[in-house]
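I am attaching a structure below and will ask some questions about it afterwards.
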Amino acid sequence: MARGLSLYAEGSSPLHRAHPLTKATLTLCAIGLAFILPSWPLVLGVGVALLSLLAAAGVLRRFLFVAAGLLVPITLLLALVQSLANPHNQTVILPLGPLAVHREGLYIGLLAALRIADLVAATFLFSFTTRPADLAEALMQRGLSPRFGYVIQSALQIIPQSLETADRIRDAQRARGLETEGPLPRRARAFIPLLLPLVLSALVATQERAMALEVRGFGLKVGRLARYRIPDSLGQRVLRWGLALAVVAALAARLRGWL
Amino acid sequence: MAWLSAFKFRLNTLGIVLIPVCIAIDWAGHAIASGLRLPLFLDSIGTILGGILAGPWVGGLAGFITNLISSGTIDPIWQRQPRGWIGIWILCFLVASIGSTPLNIGLYQGQSGIPFGDAIYTALVNAHFPTWIAAYVDEAAVDLPDKLITALVAVLIYQGLPRRYRALFRLYQPDDDAEGERSPARA
Amino acid sequence: MTPVIAMAAARYRYPETDHDALGPVDLAIGPGEWVGVVGPTNAGKSTLCYVIIGLAPQFFGGRLRGEVSVFGSPTASQPVNERSRRAGLLFQNPFTQLSGARERVDEEVAFGPEAHGLPQAEVEERVAEALRLTGLQDLRARHPLDLSGGQLQRLALAALLAMRPELLLLDEPTSQLDPAGSRALFDVLRGLHAAGTTIVMVEHRLEAVAAMCPRVIALGEGRLLADGAPAEVFNRPEVQASAGIPAFARLAALVGKGPPLPVTFESAVEALRG
Amino acid sequence: MAEIVLRSVCFDYSSAVPVFREPGITLALPQAAIALIGENGAGKTTLTKLLNGLLRPRTGSVVVAGTPVAERSVAQMAPVIGYAFQNPDDQLFERTVRDEVAFGPRVMGRPRETVQAAVDRALDLCGLAGQASTHPHDLVLAERKWVTIASALAADPPVVVLDEPTLGQDWAGRERLRALVRALGGQGRLVLVVTHDIDFVAQACDWTVVLTRGLVRYSGRTALAFADEGRMEEAGLELPAGTRLARALGADPAPVGDEAFAAWYRVRPA
């Protein structure tokens, strides 16, 4: 059973073993390129590169499964609204009463959808292959305060727990006679009895957890030592700088009108 | 301007532990709302509550991390008065709608991705309004009722909390350095 | 012999309340003692733990009067997180005292030693030791939330033991556990006691206190009602009226034995045999 | 008249791990104070959740107080069967203990005066009369647990389920709970106590159900429930204090419960 709010999938591919900062750079640069590059073949190229990386990490099938539910409605909505309403619209493909489907808007909508697909693929590539604990550790080794490291790690753990608590609360309140089905006003009235126990018990837990952490020495002003070494390499460093330069170059080229 | 002291950065262990909890409440609020099939997000209740309880940094960091709006720009003491509550709503609404619009323009050609708002967008663009106005109204039409109810719920929850929790999490006191009377609790 | 815990006329009041939750209390607990603390709900048992560890007043605010010192230094002068090097407090709820930020049992145990800035080799050594003492070696790679309640409470204990505390306070450690979970926790405590750790344990299961703790103190409305050997303390009428009577003493009384009533299984068998 | 009847109830959370496998659980429980005991994972919680429809059986039927559960929603079962779950913090949300206890009967749409009277009665029974206007979260855990018990009683249901009610209770709390469970059982209600506290079972419950790995191993008078030591061990349970003591003194069969212990001791062979 997955316990943290993490999509991390165990694996041993080079991507799994890469330094978290390398993967973070890769993800951010891929997103940057997807939005800087102006024409669809280039944006598609970024997507294909990301897909092959997903395949290399052995998570392509999982990505397609998760992404489909996310991307299909966005694509439809973007294509529909932009083809109906976009300042660049000129060429009518299909008249629809007072509105009309336009070629330019359709292209713009689909290009935007393609960019979002790149963004989603890049994000998933990162989260499928990176353990959140490793990311937090890597950031802390680069100087992030351990308190913020705690916030990041704890948030990822606590969200799914609170969703489980929400299920238990729903059971308890229904057993007391609370209806959670039916017309909208009745469902709306159920919101507070379902949410408030969660808030209150979360505050109880916060107090107890804060006390327990103090008792374990949390917040001591001591030099924090690395928990474990996260392997980095010259190659990865070169790759990180190379990717960053590529984004800068693409931006410059775009601004200069070379692309 | 005494209330400016609320922005001084400080976080104790309790504040640190509260941040992920607020994020979790954001998520749970949204999960419960969608479980009940309510036509609202209600996904920033924890953020606002964190802001009211422990001040701008807790609320702000929670909001920032949930990648949502920040309640962090309001003074918590001011928030405890009724006229402040309307302020919370207006502010959350403004922060959410103004913050989201450039993002929507950059990512979604100005759409909010909510059919109701996007219908307004379509109408405005076809009436030859500039895209950024259409994009803002699209987002605002979605945020206005949602943030109103979110802020209302958060304030209601805050008022319903046992006094000891209201006091326990308060990192900012009107009389900030007063010793002793910090929080009532029982054991 | 310097006491581990020394309290003189100690009184504590939570903020915004109009009565002392604890005190006045005079108490001295020496190294290696195992003291059971009994008393009804709201008698001040948890408050006693908070005062000794320093959470009251450092965390709660409020007002502490009289003298409280642990290992010879007054609690007021030392932050709780610094005291954690020598003293630990185990809470009632095994779930809320986990850091909530770690995904493995051994990483959770390492949280404290890391916060103390210990070198990695020593952290690992301490984690291994704490897991061994609590019998969790085989579960070290599990996610904490996949453990049972009893295992979770032993994990919380292991997280404290990794700091190698000389003083261990336990605030109703078994109140959320089933009998098997409680038995396993008590077994760990017996080992720690034998190894010389000073233990102060708040516990509602009077039979367990009578069987394990050589010394018992009974609290009522914040004050010390009795302090002594279990057989003596549980025979005091004022203790019986507030903290209650261990099951074996109740059964002996039922058939007209005592006083003094036997408080453990063995002594009850002996008393009732005659 | 049996208040709870389960016929051939099979249930699984996922088909890989059945909780109640073929041919399913068949069980009839009378109006009495009933203990449900068994090791962790035996299916105790699953069984209680089948009684109000929080879980629905794969096959078989469940009838509670004459009401077939399959035909009702969970909320519609609430007037019939009241629950006090293990963790009070999963349900408390009102601003006063009184409002919290009134929540159930209120959402059931009962008239205000009826609710008032029922709430007062429940608060009295649970020793909360003095704390009616306190915020539930200003009470300690053991007291919050009493608020959930009062909430379960306020709707005046013929069947009450208490999940681990003795956990965290002090001695006085246990005594009050024992009196309450006995009284409810004596009033012609069915009170089902899910517990690991075997002393409490011996003192408060007339009837005991032993569940082991999804099978009903025993359902009958508490006095005879602990005769089979192998069964107790399998269920991960100790013997009650009195039973253990009598056994050490040579009793066979050993008495269960305080009165039985005293009676046995008086006439024991020297």
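Going in written order, the chains are labelled A, B, C and D, and every chain counts its residues from 1.
Criterion: a residue touches a chain if its C-beta (ideal position, glycine included) is under 8 Å from a C-beta of that chain, and two chains touch if they have at least 3 such contacts.
Just so we're clear, the structure is a prediction, and the values are computed from it rather than from any experiment.
Chain pairs A-B and A-D differ in how many C-beta pairs are in contact, and the one with more is A-B. Distance between chain A and chain B, defined via averaged C-alpha coordinates, is recorded as 21 Å.
Centre to centre, using the average C-alpha position, chain A and chain D are separated by 45 Å.
Separation between the centroids of chain C and chain D, computed from CA atoms only, is 30 Å. Centroid to centroid, with C-alpha atoms defining each point, chain B and chain C lie 41 Å apart. Residue numbers of chain C whose C-beta contacts span two or more other chains: 42, 59, 100. Residue positions of chain A touching 2 or more other chains, listed in rising order: 150, 154, 157-158, 161, 165, 180, 192, 196, 200, 204-205, 209-210, 213-214, 218-219.
Residue positions of chain B with contacts to 2 or more other chains are 14, 17, 20, 160-161, 163-165, 168, 185-187.
In terms of which chains touch, the assembly is arranged so that all chains touch all other chains. Looking at the complex, you find that chain A touches chain B at residues 35, 74, 77-78, 81-82, 84-87, 99, 108-109, 112, 115-116, 119, 147, 150-152, 154-155, 157-159, 161-163, 165-166, 170, 180, 184, 187-188, 190-192, 194-196, 198-200, 202-203, 205-207, 209-210, 213-214, 218-219. By the touch criterion stated above, chain D contacts chain C in their complex at residues 40, 140-143, 167-175, 196-199, 236-238, 241-242, 244-245, 248-249, 258, 261-262, 265-266. Looking at the complex, you find that chain C touches chain A at residues 53, 55, 59, 80-82, 84-85, 88-89, 91, 93, 95-103, 107, 110-112, 114-120, 123, 143, 145-146, 156, 159-160, 163.
Every residue of chain C that touches chain B in the complex is listed here, in rising order: 14-17, 21, 42, 44-47, 50, 56-57, 59-63, 100. Against chain B, in their complex, chain D makes its touches with residues 93, 95, 135, 137-138, 140.
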